[in-house]
Every structure is written in structure tokens, then in C-alpha cells.
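Below: the structure, in C-alpha cells.
Each chain carries a letter (A, B and C) given by its place in the written order, and its residues are counted from 1.
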Amino acid sequence: MNYHWHWSILVEQPYLSWLAHGLAVTLTLSGLAWLIALPLGTLIAVLRTGPWKIGRVIGACYVRVFRNVPLIVQMFLWFFVFPEVVPKTFGFFLKRQLPFPEFTMGLLCLSFYSASRLAETIRSGLETAGSGPKNAALASGLSYVKTYRFVLLPMAFRLVIPPLTSEFLAIFKNSSVALAIGVLEITAESHQIESFTFQGFEAFTAATVLYALISLMCLILAGLFKRYLSNAGGLGAEVAIK
Amino acid sequence: MIMIEAVDKWYGQLQVLSECSASIDQGEVVVVCGPSGSGKSTLIKCINGLEEFQKGQITVDREPIKSASTNIYKLRSKVGMVFQNFELYPHLTSIENITLAPMKVLKRSREECVQRARKLLQQVGLSAHGEKYPSQLSGGQQQRVAIARSLAMDPIVMLFDEPTSALDPEMINEVLDVMVDLAKSGMTMVVVTHEMGFAQRVGSRVIFMDAGKIVEDRKCPDFFSNPNSDRAKAFLSKIVKH
Amino acid sequence: MSSFDWTVITRNVPWLWAGMQLTLLLTALAVVGGITVGVLVAICRLSSWKPLSLLAKIYVDLFRSIPLVLAVFWFYFMVPIITGQPVGPFYSIVIAFTFFEGAYFSEIVRAGIQGVRRGQLSAALATGLTHFQAILHVVLPQAVRSMYPLLVTRSIIIFQDTSLAFVVGLTDFLTSANIIANREGRPIEIYCFVALVYFVVCYAAELGLDRTTKRVTR
């Protein structure tokens, strides 16, 4: 092994600001994707378990399509194909006038993809919650929408906090795939540092440490959130026993 | 054949065996009974080293269990054990269940083992079930296969850990009959059971345990006609209904 | 780009097929390597010797906290330095996938082993089998049956993930298609076809899994 260590490169310019920029991009990209994917995924999960047959079919197809095509291929579809197949003026807007086109398309792609994964997680929570509470709520005169809103979804979310946490982490990790269409997030920036300086060990260590820190923070936050939920309303603890 | 000398065992702070001593001679059928949680199963699992104990010594066929020079695997191959929940390997047929250990431990040939397995199945009255999987057999049949599996190792002593307590009432006798035949053939047996009828038919001695201690160790008829301790009297009055 | 020209696909079938063959080879090697590493790591993880299980846990946590792309970059960079010679993207990718997927497989295997009832191990030990024999002949075969759906699902994910070989320019299915798309100037047709192929293969595998699960996990 013949390697010249040069750790201080990580605090030299421009590499330090490259890393900072990458971190900022990863955090905003995954954070925004989470904000879009969670309601979308919830909606799909509700459709899949709901009373309308068409909704169940749509939900199932959505999950099937988005989970069976590699994320990087979906990135290419959003970035290269989507602007070409929409009406011309909109396509022109996407290609020429959209600010940060890579970031925006990467965000849409990551959001829709993550929604399909979240939908499966939330659906398993809804199924674990079972038909008992559902029947009880419907029998008490609540509509389907209110049954989901006030009974089933609150139960399901409390049940799936651990898998939701790992899905949250998966979004952070998956955001790295956006580098394929030119989004400069952490992994891409560290790769760029490696290409410029050949100090790959230092660059990739920096990226690894940043991802590990993000994971750790998410786990701590999820723990706090879970405690908050089980304090508020008591349902958390009750359901968790199941 | 088996010497149990002042055995103490703790799970953390909880003492589950205290000062247990007994000896079992060749050809004896010793029934171990007592209320649940009294340490009967733990004691016989110590005899083949499936449970560790902190103090005392157990000697099987002149070999001490707790000794660096003892090969525990070799010792176990001479001691047969039948479990409460049968523990047949669900992915293997009856014949394969019986032949696994003789082939792998005693390095016998497959033909020899299969031949012996068929004989043993005949002995327990299941000649027609050699190719079946455990899930295709009733509980009583499974337990008889489990007995055959232990016998295939030509053990010098057989341990039974509540062999009938997981069985439906109508299946208990088919298992007990096999055990009675085995006792009459001269096999040394240690049997944890609540089946006092079995003890009265073939038992040579009864060891009565309570709260981790051996309370009584008596010849069989004496124990039933004239138990010494109040605990044994109370126990017998509950368990012997006729 | 006013009209579609789907013959771009039929014209390039040999290239695409060569790419798919590499993708399939990569998937097979990653699955075999990953499961091998996964079983070893899982056994270490379940070891009663604390330092070994801690080491295995660190291994698993570390690989599971970073994205696959970063792992690919790591190995692409590290393997030539460690071996002292250029090995090319193929071997780097295979090694990266083996270690990365090993971490995920080990969690599946660990859960499978822990799912086998404790009494089964006792019963095997009681007949005189050694610990290793008991794990090999009694615990693992049962664990594999219960793990089957998860192992197949993970293999499908690996099939999709091999497309990330794109980032180091290994000519798998996606990269081959990408080259053709650029050369022919027909990204729409090519990328749609690529997505369709991935979808059909993965969906078929999913259906196959559904049909065989009952039989295997009997």
C-alpha cells in the first residue's frame, strides 16, 4: 500500500465548501422529498386498503411500477424523457426556464419513488391495526374518511415508527442516486474532491462520517418523537404492546 | 450410572437448584415430579449439559460433566433426551430425523442408519410413517419418532422432559406404552412427568422436587403409600384423582 | 425529436443483450457473495464472544448507514490501492456489492436464525451433534426456509441496484443503453425500453416469489 495521507485537505478551500454545499444539498433534497412523499405515500396506502376497488387497483399499480424500476433509471426518465413527452410549451419550460433543473427533477423523482416505499410501510401498519377498530369506528357512524383520519391512520403511524425511521434514512441514502443526473450532493462532492486531488480516502471518509452522523441524528429524533407520541394520548403505549 | 452431587444453579440472582444430590443406577427408572417451576426440567437438562450449573458436579458413566477433559458432545451422544415439544426437525422426514445424528456423530453409513431407523420405527409402532414429515404426523406420533430418534444413538440412559404434557389426552397412552416397553427392556430412564400411573407401573424410584430442592427420594410404592413431607402429600392429593 | 423511432432498439439488440448478460452476472455474483458474507457475519453477530459480535455489529451498521453509490466509489478507489494493481471496474464492483449486500443479508440471516425455536438447537445438541453441526444441519435449513421470501426480495433489489455500476462506467445493461442513447440521439425510446425491461424482469420475479413461497416455507 502506497498512499500519501493528507487529511488537512478536508479543511482547505475550495474542498471544505464543496463538502458543505454537498451536505446542504443532501439535507434539502431528502427533507423536501420526505415532505412530499409522506402525504403521497399515505394517500396511496389509504387507497390500497380502502373500500373503492378502483382506488385499490391504482394504489397497487403505483407501488408496483415505482418499486420495480431502478431509481437511477427513474432519474433518467424524469430528467431526459419527461420534458419531451409533455406538451411542448411545458417541456420547453422544464428544459430552459426551470431554476435548478437537476435538483427539481431529482426531487420529484426521489419523492415519487419514496412515496411507493412509504405506502407499503404505512399499509402494513394499517393492516396490523386490524379490522376491529375499523369496524368499530364505522359502526359508530364515522365516515370512511373520518375513520381513517381519526382512528386508523393515528394507530398505523404509531405502529410503524421504527420502519418509518429506516425509510427516512433510506431517502437520505437514495438521494445520492441523484448524482447520476448531475445533482452535486455529498457523495458527488466527495467524488469530485477525489478526482481533483486523488485524496479519495480522506474525501470518502468525510462523506461516510457525514452520512453516519445524519443516521445517528435521525435515530435520536425518532426516539424523541416516539416518546412524545406515547405521552400524548397514551395510544402509543397501548398499541405498542401488540 | 449417574451421580448428582450438591448441584446449585442460579439464573442471575434467582436460585433455581439448590443442593441437589441423587444417584441413579443402571436399569433404574426414576420418575422426577413436583409442582411447576420446581426445577425438574432444569435438573435433567443439567445431566446432559444443556443447562450449565455453577456449583457441584454431575457424573455420567464415570465421566464428570464439568471438566475440561470431558468431551461434552461425546457424552451427550450416549445420553438420549426426549423433549416436551418433541423438537423434531420440521424440514426432515421421520427417517431423516432419526438418521441425522448417527450419520454425523457416529459416522455410520447411510444404509446402516436407515435400516436401524426402520427397526426403531417398527418398535414404536410407526413403520408406515418413515417418509412423512413431522407436520403430517399427530403429536403422539411425533413424540414416538422423537423417542426413536434418541434410541438410534444407542444411549446408555434416556432422559424424558415431560414427554406427554403437550399431548392431547387420547394420545398420551400411545407414548406411555412405548416408554413402558422401554423400561421393561432394561433401559435406564429419568422421566420428568405428572403421569403417576406410569410411575406406579414401572418406576423404581420417585424424586420429588419443590422450589429447587430434592424433597423426597423414595422407592416407588413407599412414596405413594406413605409420603414423608406435607408438600408431597399436598401434591399427590391434587394430582392423583382416583 | 418530433417522432419516435422504436427500431433504435431492434437495431441495437446485440449491445443491449451483452449489457443484460453483464447485469445478470453481476447480480448472481453479488447475491452469492453477499449471502456468503451475510451468513458469516450473522454467525459472528450471534456469537457469545462479545468482541466478535460487536465487530460484526459495527460492520453491519457502518455499511447500512452509507449509500450504495458511496460504497461503490470507496471500493473502486480502495481495491487497486490495497491489491497494488489496477483491477478494473468489474472486480471493484463485485467486491463492493459483496461487502455491501453482505451487511443487509446478515440481518436477514440473523433474524432467520433467531426465528428457529431454541428447543431445536437443544434437541440437536442432545443427540451429540456439535454446535457447528447443529447450526449447519438443523438450524440453518429451517432458517433458510423462513428467510426465502426476504432473500429473493433482496436479490430483486440487487438486480436493480447493479444499475448503479453506471457511476464507474461498467457496461451493464443501463450503461450500454446509455451509450446507445447518446450515440443514436434517441434517449426517449431507449430509456423507456430500459425501464420496461427492468419492470418486466422484477415483476415476473415478484410473481414467481409469490407462487413458490408457500411451497418452500411449508
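Keep this in mind: a contact is a pair of C-beta atoms (placed from the backbone, for glycine too) under 8 Å apart; a residue touches a chain by one contact, two chains touch by 3 or more.
Quick caveat, the model's predicted, so the values are computed rather than measured.
**Student:** Centre of all protein Cα atoms: which chain's centre is nearest to it?
**Tutor:** C
**Student:** With centres defined as the mean of C-alpha atoms, identify the chain lying farthest from subunit C.
**Tutor:** The chain farthest from subunit C, judged by C-alpha centres, is B.
**Student:** Mind checking the centre-to-centre distance between subunit B and subunit C? Centres are C-alpha means, answer in whole Å.
**Tutor:** 46
**Student:** Take the average of all CA coordinates in subunit A, do the same for subunit B, and state the distance between these two points in whole angstrom.
**Tutor:** 56
**Student:** Report, in whole Å, the distance between the mean C-alpha point of subunit A and the mean C-alpha point of subunit C.
**Tutor:** 22
**Student:** Can you check the complex and tell me which residues of subunit C touch subunit A?
**Tutor:** Listed in rising order, the residues are 1, 62, 65-70, 73-74, 77-78, 81-82, 84, 156, 160-161, 163-164, 166-167, 174, 178, 181, 187-188, 191-192, 194-195, 198-199, 202-203, 206.
**Student:** List the residues on subunit C that touch subunit B in their complex, please.
**Tutor:** That would be residues 117, 119-120, 122-130, 133, 137-138, 141-142, 145, 218 of subunit C.
**Student:** Can you tell me which positions in subunit B touch subunit C when the two form their complex?
**Tutor:** Per the stated touch rule, the residues are 45, 48, 50, 73-74, 76-81, 83, 85, 87-91, 100-101, 104-105, 133, 135, 146, 149-150, 153.
**Student:** Note which residues of subunit A are touching subunit C in the complex, please.
**Tutor:** Listed in rising order, the residues are 1-3, 64-65, 67-74, 76-77, 80-81, 84-85, 169, 172-177, 179-180, 186-187, 190-191, 194, 200-201, 204, 207-208, 211-212, 215.
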